[in-house]
Amino acid sequence: MTKKIIIAGFILTLAAGMVAAGSSITIKGSDTLVRLGQRWAEEYMKLNQDAVIQVSGGGSGTGIAALLNGSTDVCEASRDMKEKEHKLAEQKGITPYRISVALDGIAVFLHEENAVADLTLAQLKGIYTGSVTNWKEVGGPDQRIILYGRENNSGTYAFFKEHVLDKEDYADHTQTLPGTAAVVNAVAQDKNGIGYGGLAWASGVKFAGVKVDDTSKAVLPSAESVSEGHYPISRDLYWFFNGKPTGELQKLVNWALSEEGQKISEEIGYVPLSRKKAEANMVK
Amino acid sequence: MKRHNFKSKSKLLEWIGEKFIAINALAAVLAIFLIFIFIFKESIPLFTDSEIQEEVTVERMTFKQEWYEGRDAKYSWQPNSEVPKYSLMPLFVGTIKAALIAMLFAVPLGVGAAVYSAEFANRRMREFIKPVIEMLAGIPSVVLGFFSLIVLASFLQSTFGFVFRLNATNAGIALGVAVIPIVFTVAEDAMTTIPQSLRDAALALGATPWQVSLTVVLPAALPGIASGIVLGFGRAIGETMIVLMASGNAAIISGNFADSIRTISATIAAELAEVVFGGAHYSVLFFLGSLLFVFTFLINLGGDYILGRLKERYQGRTL
Amino acid sequence: MNTLTRAAADRTSEKVKKIVEARGTSGGHLPRTITLLAVAIIVAMLAVILGNVILGGYHIISWDFLSSPPENGMEEGGIFPAIFGTVALVLLMTIAVVPVGVMTALYLHEYTRPDSKMTRVIRMAINNLAGVPSIVFGLFGLGFFIGFVGHNMDNMFFSDQGPVWGQPAIIWASLTLAILTLPVVIIATEEALRSIPRELREASLALGATRLQTIRRVVLPQALPGILTGAILAVSRGAGEVAPIMFTGAAYYLPYLPEKLNDQFMELGYHIYVMATQSPDVEKTKPILYGTVLVLLVLTFLLNFTAILLRSRMRSRRVNV
């Protein structure tokens, strides 16, 4: 009896191997982008019945690693590829092709009851590198600042580090959480907490207005302030491919950049590209 | 009855059958061997590849490093940085802290319950306690992690006013819950297999039941209890999901048990997805895996050895 | 003669009990109370955890919840794909682990002497396999199955396409779990084999059967409940482990159910992990999260309960023989 089961299993494996080459699209990467990727996949599959798309997160680093390892078709990333990664790609014979598919502002999250309303870039840097440790140093109560951040494979982590921390390291005691949602949840429960993450995720927390320096106006992150370039911590959200996308992949990305696709992105809280930019990014 | 001359054929079949079974029986040995080889294989580049050694060396992983010129030397785990930092010290400290809290929580409860079950409980109580422990053992670790993250952390923070909501104590207590069944089972087993003759002898000499427990049973069962504690510790060191979800994952070295920690297992789980095969970070993670493997191997070896000797002493037979 | 001695022995032990009781309890009631307290705390903890999960999740359990896929970006809908994925995963795992585990136990018990070197080596391997942390299994699954076996399969058969077998897949995840649960099956089967009286085997051999025939026709059928117990315990353990499958095949959002052996799959435990740590709106998805936890717990407990029942029936049967 057991022998029969073993033989059956073996045959199944062989048979599966022959049918294994499927035509599904794999999207992996940024946790900031994953909701958008899922939604786009859902809607696209509704319009194209025989398309099969699977989406998973894990962080921009995960997506890029997957692209370099050859285990994904599309890499979602909330940061650009680093030089080290470009070199590795060359070694592995991958040619990364980058398309900007949406805009994003990295919002700074504060607990709704926090007395502080805005922070300058310099203050943010001080807070997250650990040189500013108490809320009273930035106009708040005499309480220790509890830092919440992302895991080091996150594009958001890397972008924030590069542009706000000027490439310095985060303070050691930053609580590392595995997704922007986790950061939001943590700050929502912690009166003395501060967090950062993609703008599309906040609920239960308030945004801090960000000032470029002491004299400029504080700007709250929103679709307008990001797309008009007023918000100081803005960035592009990318899809990376191996080489210029063709066939189904090309259809998918052009659909995402179309008015329809960009409208969906706006609906769920992301910042759409301007029509001009979107058209320019499409793959001809 | 017909006389078949099937002796030779069945001998062949018999031989094939036995060899087939024997080969399959080596599967466990093969598995351990393969695990050993493949985990270690991927960490070897740390010691041989010069390109990787530009980024990380064993020396840099162990000792305080002056990562930036002019700043204090410190232990830092920041693999994704302009200057990648791979100090293993914060991870070791974090792992030990969580395991210690888990044992502090699990050993009194587990051993206490085992003593009650073996020495005081009547038959009905024993039949009640056993399924309770088995149910506790059956809770998947991801569920314990979930419970710790969502319920326990808030409870602890509002009761004790912790600065960090997700910290070593939070994860440690949930870890303890996972370890209790191991400690209980081994300790209770050790106490109930003490030969009745020993207890009877003590009773005959005039001891009360509690005196028997205290002076005869407990000392005799001590190796077994110790073995249970050791095995539980091994489990606490290697457990992943609970610490991944509930410990804050901050790589700091501090004596405060209400600070966040980052354990070896959680580091591997959190960072493995993002490494490119063959890079320095990849090798370091596999190296961490090797360390974990070796350490739990040794702990389990120790625990089994103690248990084996105990059985030998009282039952006159080896495993 | 026997009955006489029995009655006399009973009377004696009654007398002994009275003498011992008359000595009273030294140390007072303290030891008993403290250890009883330990038991009470443990029971209370179990009750709190179970109660919290049940209260948080029971109101969302419905046929709809169990049979429909997630919708609206995981914020609504059901968890059917996760249930399906978990079942498919443990099914494949069982096919892999039960034959190997049973054969190992047979070899140890029927073919070798307890103190032979081979036995000791195999036992040491089993004990160590049982102690390996689950994340190390995850590393092994990634490094060996995907990185070595799958990668080489691709190079040999599919060198012109992207990765086919050298990527996360349900087959690799189940094989990884099979190695993890191997000790469980072996130990349960051994217990079953030990409970079969030697006389049965000897009788079979005396009648002219070969060892293999004895195993096939006498031992295995008798051991079936124990083997079943082992399989159920393995399934229960495998359904709950997340770390080994995180990198070997589990995914958070898949629009299809796994059909081929190299598909990825959704899984209950992994779903809990991602939802608890990365859900966009924790308040909104909390009911779904609790519901998933409840389903996993119920599944695990049902399996364990069945295994315990089987095992106790097997033990009572042994006494009668």
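Letters A, B and C name the chains as they come in the text, with residue numbers starting at 1 for each one.
One rule holds for everything that comes next: a contact is a pair of C-beta atoms (placed from the backbone, for glycine too) under 8 Å apart; a residue touches a chain by one contact, two chains touch by 3 or more.
Predicted model, so just to flag it, every value in this text is computed and none were measured.
S.K.: What pair of chains is linked by the largest number of C-beta pairs in contact?
M.R.: By number of C-beta pairs in contact, the leading chain pair is B-C.
S.K.: Quick one: point me to the chain whose Cα centre is farthest from that of chain C.
M.R.: It is A.
S.K.: When the centre of a chain is set as the mean of its C-alpha atoms, what distance in Å lies between chain B and chain C?
M.R.: So the centre of chain B lies 17 Å away from the centre of chain C.
S.K.: If you average the CA atoms of chain A and of chain C, how far apart do the two points sit, in angstrom?
M.R.: Comparing mean C-alpha positions, chain C is 37 Å from chain A.
S.K.: If you look at chain A, which of its residues touch at least two other chains?
M.R.: Chain A, residues with two or more chain partners: 69, 177-178.
S.K.: Counting only residues that touch at least two other chains, what does the list for chain C look like?
M.R.: 99, 277
S.K.: Can you list the residues of chain B that touch 2 or more other chains?
M.R.: 273, 277
S.K.: Across the complex, what residues on chain A touch chain B?
M.R.: 58-59, 61-62, 64-65, 68-69, 85, 88, 144, 146, 151-153, 157-158, 161, 167, 169-170, 172-178, 186, 189-190
S.K.: Across the complex, what residues on chain C touch chain B?
M.R.: 16, 20, 23-27, 31-32, 34-39, 41-43, 45-46, 49-50, 52-53, 99-100, 103-104, 106-108, 111, 114-115, 121-123, 125-140, 142-144, 147-148, 179, 182-183, 186, 210-212, 236, 239-243, 246-247, 269-270, 272-273, 276-277, 289, 293, 296-297, 300-301, 304, 308
S.K.: Over in the complex, which chain B residues touch chain A? Could you list them?
M.R.: 74, 76, 78-82, 85, 90, 154, 163-166, 248-252, 259-260, 262, 270-271, 273-277, 279
S.K.: Give every residue of chain A touching chain C within the complex, in rising order.
M.R.: Those residues of chain A that touch chain C are 2, 5-6, 9, 12-13, 16-17, 19-22, 24, 31, 34-35, 38-39, 41-42, 45, 52-57, 69-71, 73, 177-179, 181-182, 185, 201, 203-204, 268.
S.K.: Would you tell me which residues of chain B are touching chain C in their complex?
M.R.: Residues of chain B touching chain C: 10, 13-14, 17-18, 20-22, 24-29, 31-35, 38-39, 41-42, 108-113, 115-117, 119-120, 129, 131-136, 138-147, 149-151, 177, 180, 203, 206-211, 213-214, 231, 234-235, 237-241, 244-245, 265, 268-269, 272-273, 277, 285-286, 289, 292-293, 296-297, 299-301, 304, 318-319.
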